[in-house]
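Chain lettering (A, B, C, D and E) follows the sequence in which the chains are written, and residue indices restart at 1 in each chain.
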Amino acid sequence: MIAVEQYLTLAAILFCIGLFGALTKRNIIIVLVSIELMLNAVNINLLTFARYGLAPSINGQVFTLFTMTIAAAEVAVGLAILISLYRNRNSSDVRDQDLMKW
Amino acid sequence: MGNLLTLIVLLPLLGALVLLFVPRNAQGQAKAIALIATFLPLIFAGSLYAGFDSGDQAMQFAVNYDWIHINHVFHDKALDIDFALGIDGLSLPFLLLTALITFLAVIVSKKTMHRAKEYFFWYLLLATGLFGCFVAVDLFLFFLFLELTLIPMYFLIGIWGGERKGPVAVKFLVYRGIASVGILLAFVGLAFAAGSVSGDLTMNLVSITDTFAKATPDQISDTFKTGIFLVLLIGILIEEAFFPFHTWLPDTHEQAPTAISMVVGGVLMKIGAYILFRIGVGILPDAVQHYAILIAVLGVINVIYAALVALVQRDWRKLLAFSAISHMGVVLLGVAAMNEAGLQGAIFMTISSGLLSGLLFLLIGLVQERTGTTMIGALGGLSKPMPIIAGFLLAAALASLGLPGMSGFISEVMAFIGAFKAFPVIAAVGTAGIVLAAVYLLWAMQRTTYGPTTVDYESVSDVRALESIPMVVLTAFVILIGVYPAILGDLVNQTILGYVTRIGG
Amino acid sequence: MVEYAWLVPFFPLVAYLLLFVLGRRAQEGIVTTLAVLASLAGFVVSLSILSQVHANGPSGPYIFHWLTVGSFDLSVGYEVTALNAMMLVVVTFVSTLVLLFSKGYMNGDKRFVVFYQYLCLFIFSMLGLVISPNLLQMYIFWELVGLCSFLLVGFWYFKPEAAAAAKKAFIVTRIGDLGLFIGIVLVFVATGTFEYSGVFQAIQSGQLNIDWMSHDNFVTLVAILIFVGAIGKSAQFPLHTWLPDAMEGPTPVSALIHAATMVAAGVYLVARAFPLFEASPDALTVIAIIGGITAIFAALIGLTQNDIKRVVAYSTISQLGYMVMALGVSAYVASTFHLMTHAFFKALLFLAAGSVIHAIHHNQDIRKMGGLWKKLPITGWTFLIGALALSGIPPFAGFWSKDEILTGALQSGNTTLFVLGLIAAFCTAFYIFRVFFLTFTGEFRGEKDVYDHAHESGSVMTLPLVLLGIMAIIAGLLNSPVTGYAFEHFMHLDGELGQVHEPSIGMMGLSTVVGLLGIGLAYLMYKSKSINAEAMANGPLRPLYLLSFNKFYIDELYHYVIVVPVVWIARILNFVDHWIVDGIVRALGEAGYVSSLGLKYSQNGQVQTYGLITLLGTVLLIGISLYVVIGGIY
Amino acid sequence: MFSGLVITGQTVSFFLISLFVIACGVMLLSLKKVVYMAMSIGGVFIGVAGIYIMLEAEFVAFIQILLYAGAITIMLLFAIMLTRHDAIETPQKITAHPVWAALGSAAFGLIILWVVKFSGITWPVPAANSPWQGQDNVKLVGEALFSNYVIPFELVSVVLIVAVVGAITLANKEE
Amino acid sequence: MDNGITTVQFSAVWHVMAPEIVLVLCGFAILLFDLFVSKATARRWSPWLGVISLVIALVMVIYNFGVVSDAAPGDPSLQVSNMLYMLDDFGNIFKVIFIGGTLLTMLMSIDYLKHNPDIKAPEYTYLLLFALVGAMVMASSYDLITLFIGLELLSISSYVLVAIRRNNAKSTEGAMKYLVIGSIASAVALYGMSFLYGVTGQTNIAIGSQYIAQMWVDMKPLLILSFLLMLIGFGVKIALVPFHMWAPDTYEGAPNPITSFLSVVSKAAGFALILRTFVFGFAREFNEVSIYLLVLAAVTMVVGNIAALAQRNIKRLLAYSSVAQAGYLLVPLAVLGHGSGEDAIWLAFGETSFYLFAYLFMTMGAFALLTAITREAGNETIDAFRGLYHRAPFQAVAMGIFMLSMAGMPITAGFFGKFYILVGAINTGYFWLAGLLFLTSAIAFYYYFRVLKAMFMKDSASQTQQPLPWSIRTVVWVGLVGTIVLGVLPNLFLDVLNTLRWFG
């Protein structure tokens, strides 16, 4: 039997990979992807608890569905912003986006 | 009669509002409005004095309007904040002082200065705050007025100040802003402590004072009292420009226009002392006694340190600022003594220092107007071209160094009597300030008015008629208090007796 | 009449106020008349008071409520004792004459009225001081006379020396006043009253104590503190340095304030509070020693000074030392007697000196005088009388009083003091006659036309000289066998203060001889020139000469030991104030601004940096909190 | 960590899938070319869907494949093409930033791990039988979605509208 | 029903969320309106439609106050789907703030859209309405899923709104930053929610709180972790330090009305969310978790104010200021840990809502003026305000009053708001926090008064200033009146607060 911790650990690892990616990758698309990775990790968490949690229930799965929808919406908007950003700056490198500082 | 108090507070405000509708270039009208808006309070304050019963310890002419209730505080009680005004023997002298100085400073203010209308607008706002501080019976209201003084002062220094006006205005603002934090914390803390005992949660000064007087140590612990007093003390030290928090004062005096210097030295910085008497001595006498040595030592440090620093100042304004700090050190000594003589001396000293600061800054302002400088080294021999100003300067300097027959002396005597009763050694050290005051004041005064007259100043004019009014009036009050101190003493006596019996009991 | 004693100071006060109202343009004649009349009226009232006291004994105090301090009452009032009455007469008498004299001396000064204002204010204050029934009121007037001294010394404000002298006079006496201030405050703290009578009662009952000190020690402490005030005011060593400098003021001022009245206030104070001092033998000893030192010290300095007024000033210090010493040895009557006689002959000497100075265009250097006897006969005569009185030659006033002091010193058993007194008496005779010979005899050593124009002044100036001269001759007789020691009996109306000393013929002889020796030496050196003064000064005695000439370098000592360090401390503190106390404030402000800049530039525009900071904050918050809360430390 | 672990088909598949997911994740981090990165994220999504199936969330897994591996990955590829399709992630210089990011992420992960595994929490022993044994997953989800969660369901539609409108507003060409 | 499925009647839903539904419908209506009329017409009228919708919603919310007070305590009609969505005065009062803020934003936008033709007005309008719906959902739900969706609805709409000047590099850059950080924050918050769900098995916190209490001892690390993750996620939204870094850049990049929307509505919604989640979810354990709130509040006040000291860009300055204000606003909640009884909670809610109202008025007023002034000056630094008093006295005085209110000077709403918070802090014994609050405000004098200094003490290059457009002027007047009335007569509002039934 796979213990709850294993799932949670996997989720944590995925979450951290996503986090690291979001903080270091230069292409904004990849940054967005990394954030999706984090949300996926959360989904694993939710599903794990839905199945093996202290009080298992179907709610977790429903929650996951909502999360995925929201994630999709986020990515859509994110990409749209990226495109207009690219239009303005001709670069999709996150590090070039520092018009505003100080 | 009670409405007079409200009027006194609101008249300057009203004047300020009226000023808004005066055209920008009608400077004469602006000054006239300011004169009226400060003269009427003076008259009213005078009539309050006439109607005041000095045998009564209670707040007189009290007015009280419900204002704010904050619900759900403290087990479903409501915190009551009222628009409550009143005066007792302690606040009346301060009220009179404020009325006097604010009026006289308007006379001194030039209507020809640039942006005169705005100047008087801010000035009247400042006056409102000052009046309010001394007649507010509600601590919230008190604090409100205290904060209200900050904004006009910022503009008054910042627009009409000297060369370094900008930074100095900010320093004033932030420094005193920090001071009000301590004061506010203490106020609210006191209200809560009193409320927990009496079951009546209010910011009313009188009821808080009564509650504290009756409360047993179980109900309000000494730790609380001393703690809250320390917080308050920091606020007071800054407000009152005590060492080591005094450095805003010399800068402010150096930069502020003459009339504002008069108000700052005469009234504004006395608010700290008033809080010390009102809250420190009135509500937390145990805590004052607990820290008596600390306060006394602080007082002596102020007396001597400021006097020594004053000794080497080159600018009259700074010298006077340090002189005021030095004198106010005596107030701390008197308060630390916590006996009748000490307290009365402290109050006298505060009032006296207020009058004298007003007078001295006025005179220096007049000198500056004529010679263009307040640097002591650049002046000389002014007795010849302006004998009257020089004469008053001499009188003011002498009064300030504690010459008998003037207000400073009797204050010092009483404060030191009190201090010697409580801590003779500290007090003895403090008396050195008396000699030092003579040294720096006489030096500066002589350097300015004695000796050969500098060529540039040979033809400068003496005082003009209008300017002589504040000069003469202030000097008259200084002498009046010096010659017949009972005029002030009888007012405060009952209040002090009330405080002192509380310590005994 | 005694209950109207307040009239005495009241007249000059009225005169002062009237002059104040009259303003600067008032005519000199009117001004003088007004002032003199006021003073004269005071004199008349004083005389009648004196006679009533003589008949009925002391009276008062008459007290009025002044101020309530908590449960204490402070009062003002007046009181007439024998001592007071005597002082009233002396002060009003000398004042009247000086006011008269000033008419001539200050003639034509632009601020003539101001001068008279100040003088009237001074007379008022001095009289107020005299009749004060309590220490506080006394202190008030004490300070006021100090103020007037300041104003009058610095009357010629445009002269830097005058300004400096005025400031010095005020500040040095104020140092003494500090002691007095602490003293009376302590008295009040211990007894709850400032009244002399209350204080004396407390002493009698042995209750003048305070919880941290026993009665005896406390009395000594208080007595010495009060005496410190007298040291300042009466220019006793070591606070004597202001008095010679104060000679920068107009000469009538020197005569009135710095010879006859104000400087005697210190002696008066000790005499007035004598029961307090009597209760403390230690304090008396201190007083006697200070007085003795002052007497000889000032006399030694006087030997070599060249400024006519300064010589007289040092002589004043010396004579005040005598009086103080007398009080120290409990010769109460002798002291007060000398106070009175000294007032007359010293005022005389000053006015005469003033007359000389006035005549030769305000030159005060005796090396540039000489042969003025012919030109100024009345001045010369009166000066001579004064000099004789000062030297203690019978039957002049000084002889009687000084003799009593010496007797008192001897009989108190303190031989050293006695010897000091004798030497001082010798020196006194020498230097005053040195001045006399150099001024009035020989050839004039200044500019020729000055001498030619020199002439005796009008009667307003000579009349006071003559009157004072008469007093200098006869005043001494008041306490002599001639009048049956009337003065002593009179003073004893206040109670048997001090010890009564038997006059002795031997002592009289001795002091006369000493005085004559001094005069003789002066004659040899400056009249007959059989001893070369210059040679002595430049010869083996040169170090001593320099010591005396430079006033024992006391001023320099004070400058380097007190003034310079204080100024340096002040400078350091000013530095501290600006760079440390305010520096910290400014540094905090700067630190806030700099950290703000830091925060600002950490905002580098990189969204990933923002994320990283967010992450690090997260890790810190979660890490620490979990560690603290769950790790069990909490 | 693995004590008491019985090797069954389930555990083996869990580890294999986990390994695949993490490997894809690491590839995402380490690959240079943006297009390849986008491909590897597709791997992650598919792997995660496998995990979902193991967690008996078939419907969710289905949606995952549909939405993520399908729609989102395609969308990403389009975005890549629209910007600079030859974009290459230039090799990172070792600066403070990635180091701190690595440290921070690792610390964050370790904290979570610590809480999950070592903080003394006792997780319930996984029930061998599913709580919704024998019920149709899609039906369960559907019932919940349309009864209790109908309000969020409707709100999500608004979110999607916002996303669509927003995307169009921002991305469409100037007219 | 027998299978445990609850059916939801539309009437029940309408009863509790009528304003939201109306707003969504209005949003769609504007969307359709845009499709069917000419561009110019749509452009001209859609902001007005937005205003009308907002006014309708506002009226409905105010009507809902009556509904709540008329209902019996615990009336089931005030909630729907097992307390998934609530109608209570807590929500209502926040909704008033949200709608009021949006309304003022909308008014400001009328002028702003006129000057920025590249912004698509209809999209702008209904996105704003949808964002508002998200905020309202955040204030009224106990359900984690619903809260999350509300949060995302607000956030995603905001991302688009920030980027809506799509040809402006700053605008899109700000949006990108907001999106990246905001999404990460959402993920983190969601992560925390997942743990909470793991422990309770519920997505409803009102029900879940019992489980939390039961499990507190056993699951303490996990629950605290969950709490902190949610706190951090929400903290990013309300820009608590150190999660505030995005705020200045985004505020600077966003169109001015949107900046004000972000700093008022978005922030208030964050607070609503935090209050709902934490006060209920962790009601019994609050004294153990409040320490983090205390720390964050303190750090936020200090850093927010200090960071603003050296700032010269006025929008960034206001961004930092709003960071600091978030610190103040967190205090009432943070000190609840030592609060006793329900009164403490009512007090805290009172403080928060009062301050939010004050904040609404002064911030909206300030941004409205800022919009007009910076546009004319052509730059966004403090220099734009130089000598404003000489050019346009009313504008300078109004801006001055807003600045004074933010600085907490007397007889302004800002002062009483701070005082109210201080009373709450001292009521629970947190003297140090109360002191810090006012101490940092004193430090803040420095930068607020710098604006005053620029306006009143400097001379300006130009001598003329355009009069304010009427829409901006309306906002300014509303702000002024609100700021001063709340400052002088706070009891007008306090009495209203007193009659509220916060939770039905």
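Definition applied: contacts are C-beta pairs under 8 Å (C-beta built on N, C-alpha and C of every residue); 3 or more make two chains touch, one makes a residue touch a chain.
All of these numbers come straight from a predicted model, not from anything done at the bench.
J.: Listed by label, which chains are in contact with chain D and with chain E?
T.: Touching chain D and chain E alike, sorted by label: A, C.
J.: Give me the step distance from chain B to chain C, shortest route via touching chains only.
T.: 1
J.: Central chain, going by Cα centroids?
T.: Smallest offset from the overall C-alpha mean is found for B.
J.: Which chain is most remote from chain D in terms of Cα centres?
T.: C
J.: Quick one: name the chains whose C-beta contact count is the highest of any pair.
T.: A-D
J.: Going by C-alpha centroids, which chain is farthest from chain A? Tell me that one.
T.: In terms of C-alpha centroids, the chain at the greatest distance from chain A is C.
J.: With chain centres taken as the means of their Cα atoms, state the distance from chain A to chain D in Å.
T.: A distance of 7 Å separates the two centres.
J.: Between chain B and chain E, what's the gap in Å when you average each chain's C-alpha atoms?
T.: Chain centroid spacing, chain B to chain E, equals 43 Å.
J.: Provide the C-alpha centroid distance between chain C and chain D, rounded to the nearest whole angstrom.
T.: 100
J.: Which whole number of Å gives the spacing of the CA centres of chain A and chain B?
T.: Inter-chain centre distance comes to 63 Å.
J.: By the touch rule stated above, which residues of chain D touch at least two different other chains?
T.: 97, 101, 104-105, 108, 111-112, 115-116, 119, 149, 152, 156, 159, 162-163, 166, 169-170 - these are the residues of chain D that touch more than one other chain.
J.: Spell out, as numbers or ranges, the residues of chain A touching 2 or more other chains.
T.: Residue numbers touching two or more other chains: 15, 18-19, 22-24, 31-32, 48, 53-54, 56-57, 59, 62, 66, 70, 73-74, 77, 80-82, 84, 94, 97-101.
J.: Hunt down the residues of chain B that sit against at least two other chains at once, touch-wise.
T.: Correct list: 174.
J.: Run through the chains and report each pair that touches.
T.: Contact pairs between chains: A-C, A-D, A-E, B-C, B-E, C-D, C-E, D-E.
J.: Mind listing the chain B positions that touch chain E in their complex?
T.: Touching chain E: residues 67-76, 79, 140, 143-145, 147-148, 150-151, 154-155, 158-159, 166, 169-170, 173-174, 177-178, 180-182, 184-185, 188-189, 192, 231 of chain B.
J.: If you look only at chain C, which of its residues touch chain D in the complex?
T.: Of all residues in chain C, those touching chain D are 608-609, 612, 615-616, 618-619, 622-623, 626, 630.
J.: Would you tell me which residues of chain E are touching chain D in their complex?
T.: Going through chain E, the ones touching chain D are 3, 5-8, 13, 17, 24, 27-28, 31, 80-82, 84-85, 120, 123, 126-127, 130, 133, 137, 143, 145-146, 149-150, 152-153, 156-157, 159-160, 163-164, 166-167, 172, 218-219, 221-222, 225.
J.: Touching chain D in the complex: which residues of chain A?
T.: It comes out as residues 1-10, 12-21, 23-27, 29-30, 32-34, 36-37, 40, 43-44, 47-48, 50-54, 56-59, 61-62, 64-66, 68-77, 79-84, 86, 92.
J.: Across the complex, what residues on chain E touch chain C?
T.: Residues of chain E touching chain C: 176-177, 180-181, 184-185, 188, 220-221, 224-225, 228-229, 232, 236, 241-243, 245-246, 248-249, 288, 291-292, 295-296, 303, 306-311, 443, 446.
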